[in-house]
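Each of the next two complexes has subunit A plus one more chain, namely subunit B in the first and subunit C in the second.
Here is the complex of A and B:
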C-alpha cells in the first residue's frame, strides 16, 4: 500500500534548514598577513628626463585623444616641446622599460607631435593679470635662460632677458641647423614665452654695454651665457686663413650670412658640432670629410645623426689626428698621424695613441675645427668661482655672490639642450626660494622625480597633488602578460636627394592616428590607467568602485591579502606591505 | 591595453570562507556576474559546501540548494522540473560541482541528465583533486601530480580524465572550457550557455593555492600558463560536433606551468618531457576534431 502525502500549505511541509542571513559580519580582513595598497610610482623615462617632463602623463593624454591635455602637461615642465621633440638625445627612450620587451616608445616623436598639434591650434599660454613681483634679469636667451624666464614668469616675476645676438634662442638658433630644428618652431616657442610677459632685449652683449652695475634694479640675476667659443686644435697652422671654427660657421649659416668655402672641406672632431657642420656644408654643395682621432664607438655624436650624415654623403675617417695644417695657395694640406686605441682615459673612452711614422697628408680647400666648445669667461663679473673652464655653483645654481645665479652650458659639461632647460628650471625655483627666504636645497629634494636629478615644477607648485613614490619601476616589476609585442612607429624622412638640396626639416611628425597607436604602446610604468585587473580578479570583491569608477581603495574589512591585485597589475601601481602583528 | 568590461553586479558577497587567493572564488564571482540574479544553484558536496558560510548565513546572494555528492545531475533535473511545473521557465538552474562530484562520484547522475538533455547548466569547478578534504587525488588530478594519496614516492600514474570528450559524446548542445585568467572569455561562455536550452556543460579550471602548493598571489598567473602551455586549452563544442578553439598566440613549454607548482616540484626532466608529449598529443587530437568536416 502506498500512502499519498498531501501538503496543505508550507507549514505542513517537512523542515529544511535555510540560510537567509548574509556573511558580512565575518570580517575576513583579520586573516590578512600582507596589505595591498595603491601607490603611483615613478617611470624610468620621467626619472631620466633632464627637463623633468611627466612623460607617462602626457602619453596617456594622447591615448585618450586629449592632445591639448598632453600639451598642458608638457608645458608645466618644459616651454620647448617642439625643440626637445626634435633635437633632444632622448635619454628617456634609453631607459624605457619597453626596450626590454621589444622597442622603446618613440617619446621624442610624441612630444613633437603634441607641440605641432598645439601650434596648428595656435594654442598659447596666456598670462593672467596677476600682480608682478620682483624684477629678475636673465643674461642669455638660450634654452637655459628662456626656460628660467618661462618658469619665473609663471611664478609672477617680472623677467627681462638680455641677449647679445640680434635674435633670441642662443645655441638653439646659432648652433643647430634648421634641417634639424626649423626656425619657425623655435620662433613660436620663444614667442610663447614672451607672451607670458617676458621682455626679451636683443643686441645687448653682457660685459660690454651691460654689466652688473646696470642691473642694480633687479633682485636676482641669472647668467646663462653658454659655451660659444670653439676649442682650438693647438697645432701649427690651426689659426690660418681658411681654417674656421665649426660653431662660427654654423652661426653664420644659421643667421643667413654669406659663407665662402671651397669644394672640399675637412672637419676635425667627432661630436655633434662636427656632424652638424658636415651636413650643413653638404647642403651648400660641398664635399665633407670628418677626421676623428678615435674610432666609431668612442664618437660622442648621436648615433642617428651619424647615420643620416653618412646617408647624405659625409665621409668619416677614424683614428686620424692632424698635427699640422700647411697652406699652399687656397689649398690646405693636413699632415696627419694614424692613431690606435690604448688604455681608457678619464672619460671612460679608450685613449687614441699615435702610431709613430704613420704620417700622411690630407688635402682640403677649407679646414673646420669642431673639437668641442668652451666657455668665454673674460666678460663675466669678478668674484665668480671658476674651475676647469666652467663657472662653479651650488646645486641650486647659486654662485655664492648674493642674488647671482648661473646655469646651462656655462656651469656644466653635460652640454645638451635638455640639461640646459632643466638647469634653467632649477634656477627659477632657486630664485623663488631665495626671494622668499625658503631653503632651496630642501625644496629641490622635495620635488625630485625618482632619485633625481630630474625635478618637477608641478610638485613645487602643488605639493599635495599627483603624489608619487620616488621608486623607479623596473621591467621585472611589470606584468607584461597584458601587453602584445608591437613595432615602434617611425617618423618619415625625406629622400636623401631631396634632403641635401637645402635646409628644410628632413623628418615629418606623426599623424594623429600614428601618435595614438604609438602612445598605446606605452606600459605606463607606475601610473594607474584604470585597466581594472585588480577589480576583476579580486576573489573577495574587496576592490572598491564608486559607481563605475575605480576608487583606488581596498576594503580592508574583507581583503584577505592574497596579493592577486599586486601580481596582476600590469604596471606596478599596487604595493604590498606586511601587516603589523 | 583595453580595459576589461565586466558586469558590476556582485552576487558573491563579502565574508565568504574561501582561502586567500582562491581561484574558485574568482570563478564563482565571475560566473555569478554572468548568470544574473534569476538563477538557482545546486552545490553537490565540495569546497562550496563550506565557502558560502554556515547556517543560517550565506554569502551567495542567489538561492542555493546543497545536495549530496552523487546528486548534482539529478537534483538539478528535479529543481528544473519543479520550476517548470510552476510555470517559471525563465529562472536558470545551474549546478556548481567540484571535479570530484563531476569526474568521479556524480558522473552517473550527470551522464543520465545529459542523456535526457535536461535543461540546466552544469559547471564543473575543477581544482584537480579533493581539496576540501585535504588534497586527495581525483580522476581530474593530472599525470605525475602529488596529492596526499599519490605521494611523491608514487605520484599519480594516470593522465587526467577527458571529461569534455565524455560530455561531447552525449551530444549536448553546448560544452566549453574556461578559466579565470581569461575573464571576458569566461563571461562570454557562461552568457552563451545561458542563451541555450538543454544540458550545457562548462569546465572551469580554478587553481587551488593550498592544493597545488602555490603562493596565493599567482593563481591567475598559473591559470594563464595552463592555457598558454596548452595543458588546458580554451574551446567550445556545439552539439558534440562543432569545435571552436581559442588560439593562444603565446605558447610556452609545459615546464613553465609546472615549475611554479609545489605539487610538481618532484618531477624529473624525463617526467616533464612525458607530460609535454601528452599535452602535444591531446592538443593534436583536439585540433583534429576541430578540423573534422562531415563529407
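Here is the complex of A and C:
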C-alpha cells in the first residue's frame, strides 16, 4: 500500500490535480490483455499475380516519384513488365481490395508506365559478374524460357537459349498482334535479358537439329517449347484449302509474311486467339465474323478485348457450331447447327447442345479455326511423362529425368503469359537448388507470396528482408474511412477509325502525373506507408517512432492493449494477439 | 486597416491574429461561417493551425482539452445545442484550468425549433467556471477575442466570448483590423504552467479525495476573483495600444439618473439611441451596458448605481420559474448592499424577436410610471 499524501492547505497545493513527480514507474502495460504488433502482410494483388510481382511495393515507389525504384522492384521478379503491362489478363486487378470500394487500381497500366519510363531513360539492368558457374540450356525463347534464363543469369549461371524460329519471343512474338504488343517493346525486353549475358541462338529447332545428346555439356536443361499447334475442328472439310489454323495465321501476320485471304472471313472459336485473328484480319481490310458455340458469358476471351473487337467491326455469332465445311470454287459454305445451353460441364460452363434440324449455311471466303491450342509432343525426348496433352512434372518443374525440367504452356493448361513467366522463374530457382543440392520443395515453401503458388525471387535472394506474413489482407480488414472515393484512371485509346488502319499500338500509356494519381489510390494493403495514424491515435503515447517515419514500435511498458492502433490502421498492418500470461 | 465584415468574420480575424495553434469544431448555425472561414484559411496555408474535424461539439471541446493540456493555444466556436452538448467538457476545461477560448453565437434552444438570437444557451452554462464576455458590435467582437486570450492565460481559466445571432454574426459593419505585429506585441505566445511531456509522463486530472477537492474549487473561485482586476489591466493596455476599449460595464447617457437601464449584447446599441432621445425629452434615465457576465461585475455595478432609485433590466433569456438571468444575478448582488434600488426585470426578444426602440421606450415608461414592479417578470412585447 502506498501512503496517502495529504496537503496541509490550499496554498501548498498545485493549481491542478497532477502527479507531483513523473509516472514512469507505473508500467500500465501490465494491464494489457491483448498485444498489438506491426507485421506487414500480403496484398491480394501480389498473391494473385502468377509472376509474383511485389505490386504494393512498386506502386508505393510510384507515389514517391521514384520510377526507377519501381522499375528495379518489378525487375526483381519479372523481366517482362512492358509485355505484362500490355497483355497480361491482370488477375491482380480482379482481386484488388479497392474493387469492393469503388474501382480496382489500374495495376497493368502502372506496370506499363514504369517499363515505358525506364525505356525512355534507356535504363538497362546491370550485368552480372563475368565468372559463370554452370551451363544451362533453355529450349524455347517464350515467356517461360526467357524468364527462366533471366533469373538464372542473375544467379550467375551461363545460360544459352535455343529457339526454333528466326526471332526470339515465342508466342509473345508469333501469337500476339502488335496493336496489343508492339514488337519494339518485346525486342527491348528480350535484349535486356541478353544484356545479362544470356546467349540466344535462333533458328535451331529442338528434336531436329538439336536433341538431348547435343546438350550433354549443359548441367541442366529447361524445356519450354510451348503449345503452338492449333487444335483441329474434326469436321468434314476442316482441313481444306482456304481453311487455316488461327495460330498459324497470326504467326504469319506477326512475322510480317504475306497472307492471302478473301474478303469475308469466318473464325471458329471463342478464345483470345479468335479475337486476335478477327481483329488482325479487320486490319487487313477484311470482314470478320466469329462463330462461337456457347454464349457470351462462357466466352474465354478477355472482356475488354471483346469490347474492342466489336468496336472495330468484328461480328460475333453465338450458339453456332459448324459441322461441315464445303468448298465451292474459292467460297466456303459452313453448315452450322444452332446450339442451346445445357448442363454445366467439367469447366464449370454450360455445355452447348445442338438443336436438331436447325441446320443453316454460313458463307465465307476463308475459315480460320481458333478452337484452342495443343502441345506438339513428337519432338520431345522419350521418357517424359505425358497426360492429356501436357508434360507432367513435379511441383518444381522437374520431369523426373535428372537435370531436365519443363514448364510454361508445355506443362499447364493455364496458358497465360503471366503463368509462363511465373513457371520459368520457379524452374530457375529449382535448377539453382538442384545444382547446389538444396531441397527445392522447402525453398519454394519459404518464399511463397501469400499461400502461393506465386513466389518471390527477392525473398529467395534476401531471406531476411521484407518479411511478410503470408496472410492475405481482406477488404474487411482495412479501415476505409481514411480513403476517399476516386475514379480509376484509364489509358487513352486511338479512335476506332485510326485503329483499324494498321497494327500500331492502340492504347497510350499513363503520363507521370496520371500514374502518380492512380498510384495514390492504392490502399497498400498490408504494407505500412507511414501514415502515422497509430502514432496519432494512441491514447497512451505508446507508439515510438524509430528514426525514419516508416519505423514504429509499440512501447509495451505503457501500451494497455486498447487496440485503437489496430482499428485505426487503414491498411491492416497492425496485428493484435491475446497476451500470453 | 478598416474592413466591412460580419461578426463571424470578426471572430475569424481575432483567431488568426491570436495565432491559435489548434482549432476543433463542429458546424452549427449560426456559428458555422466562423469555422468555415477558419478551415479555409487553414487549408490554404494562410494560417498555421491544426484544424481537427470532429463528430460532435462534445468531442470538439474534448480535443481542445487534450491540445491545451499539451500546452498550445486553442479555439472553438459553437451555438445553442452545440454548447449544451459540450456541457460536461466545459466543466472539465475550467477544472483543469485550461485557457481555451470559445466563441458562442447566441441562439435559442429548441423546441420549438429556432435558430435566432437568445442568450439562454450561454447563460445556462454560467456555473461551468467559464469567464463570459458579451459583445455589442463587430469591432468589440474582434477585440474581445484578443483580450480573451490574455485574460484566460493570465488566470488559467477558459473564456467564452458571446455575440448575438444574425444581428452581429451575419451583419456587416466596418471593423478596424489591427496588424499582426500590433497584436503580437499585445498578445505574447502562451506559456503553460503544466504540459504533457512524453519523456516525463505525469498523471493529469488525477483523483482528488475529499481531503483536497474543496481546495481545488477554492482555487478556481480565487482565480475568478482575480478576473476583474486582470481584465481591467488587459483592457487598459489594449486601449493604450489600439485607442479603444471596453469595461466590464459601461455607463452612457447622463452621469447619474433616477432610472438606470441595464442591457447586454446588441440591445445596448438600440438602447443608446432610446436613452439619448428620452434624455432630450427630459427623462431622468441613463444606460448601463453589461459586458462581463461571469464573474458578475458586482463592484462595478454598485459604483455606477449611485443615486438611482430604479433599475430597469432587459433580459433576452429566460430561466423558467425565476425570470431573466441578468435580473436574477443583479438581485443577488444587491441584497447585501445598502443601496437597493427597485428592480424592474423585463424579459423580451426571446427566439430572435426584435427588441425595438419602441419596446425599450415602453420599458422605461413603465419604470417611470410605477413606484415598484407589479410582477417579478415583466413581459415586454408579449402578445397576450
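As a convention for this text, the second predicted complex is superposed on the first by the 556 of 581 C-alpha atoms of A that agree within 3 Å, B and C clash if a C-alpha of one lies under 4 Å from a C-alpha of the other, contacts with A are read in each partner's own complex, and residues count from 1 in each chain.
Going forward, contacts are C-beta pairs under 8 Å (C-beta built on N, C-alpha and C of every residue); 3 or more make two chains touch, one makes a residue touch a chain.
Computed from a predicted structure; not experimentally measured.
Shared-chain residue A:17: touches subunit B and subunit C both. By the touch criterion stated above, A:241 is placed in contact with neither subunit B nor subunit C. In the superposition on chain A, contact is made by A:7 with subunit C only, not with subunit B. By the document's definition of touching, of the two partners only subunit B reaches A:566; subunit C does not.
Legend: residue contacts after superposition of the two complexes on their common chain; A:438 is shown touching neither subunit B nor subunit C. Applying the stated contact rule after C-alpha superposition, one finds that A:532 touches subunit B and leaves subunit C untouched. After overlaying the two complexes on the shared chain, residue contacts for A:482 are found with subunit B alone; subunit C is out of touch. Once the two complexes are overlaid on the shared chain, A:25 sits against subunit B while remaining clear of subunit C. A count of residues in subunit A touched by subunit B and by subunit C gives the higher number to B.
Annotation: subunit A residues 17-19, 21-24, 26, 541, 558 touch subunit B in one complex and subunit C in the other.
For subunit B in complex with subunit A, the touching residues are 1-4, 6, 8, 10, 12-23, 25-26, 29-30, 52-59, 61, 180, 183, 209, 215-221, 224, 250. Those residues of subunit A lying in contact with subunit B across their complex are 17-28, 31-32, 481-483, 520, 529-533, 536-542, 545, 548, 555, 557-558, 560-564, 566-568, 570.
Subunit C contributes residues 95-97, 156, 193-194, 198, 200-209, 211-212, 215-216, 218-219 to its touches with subunit A in the complex.
Subunit A meets subunit C in the complex at residues 4, 6-7, 9-10, 13-19, 21-24, 26, 541, 558.
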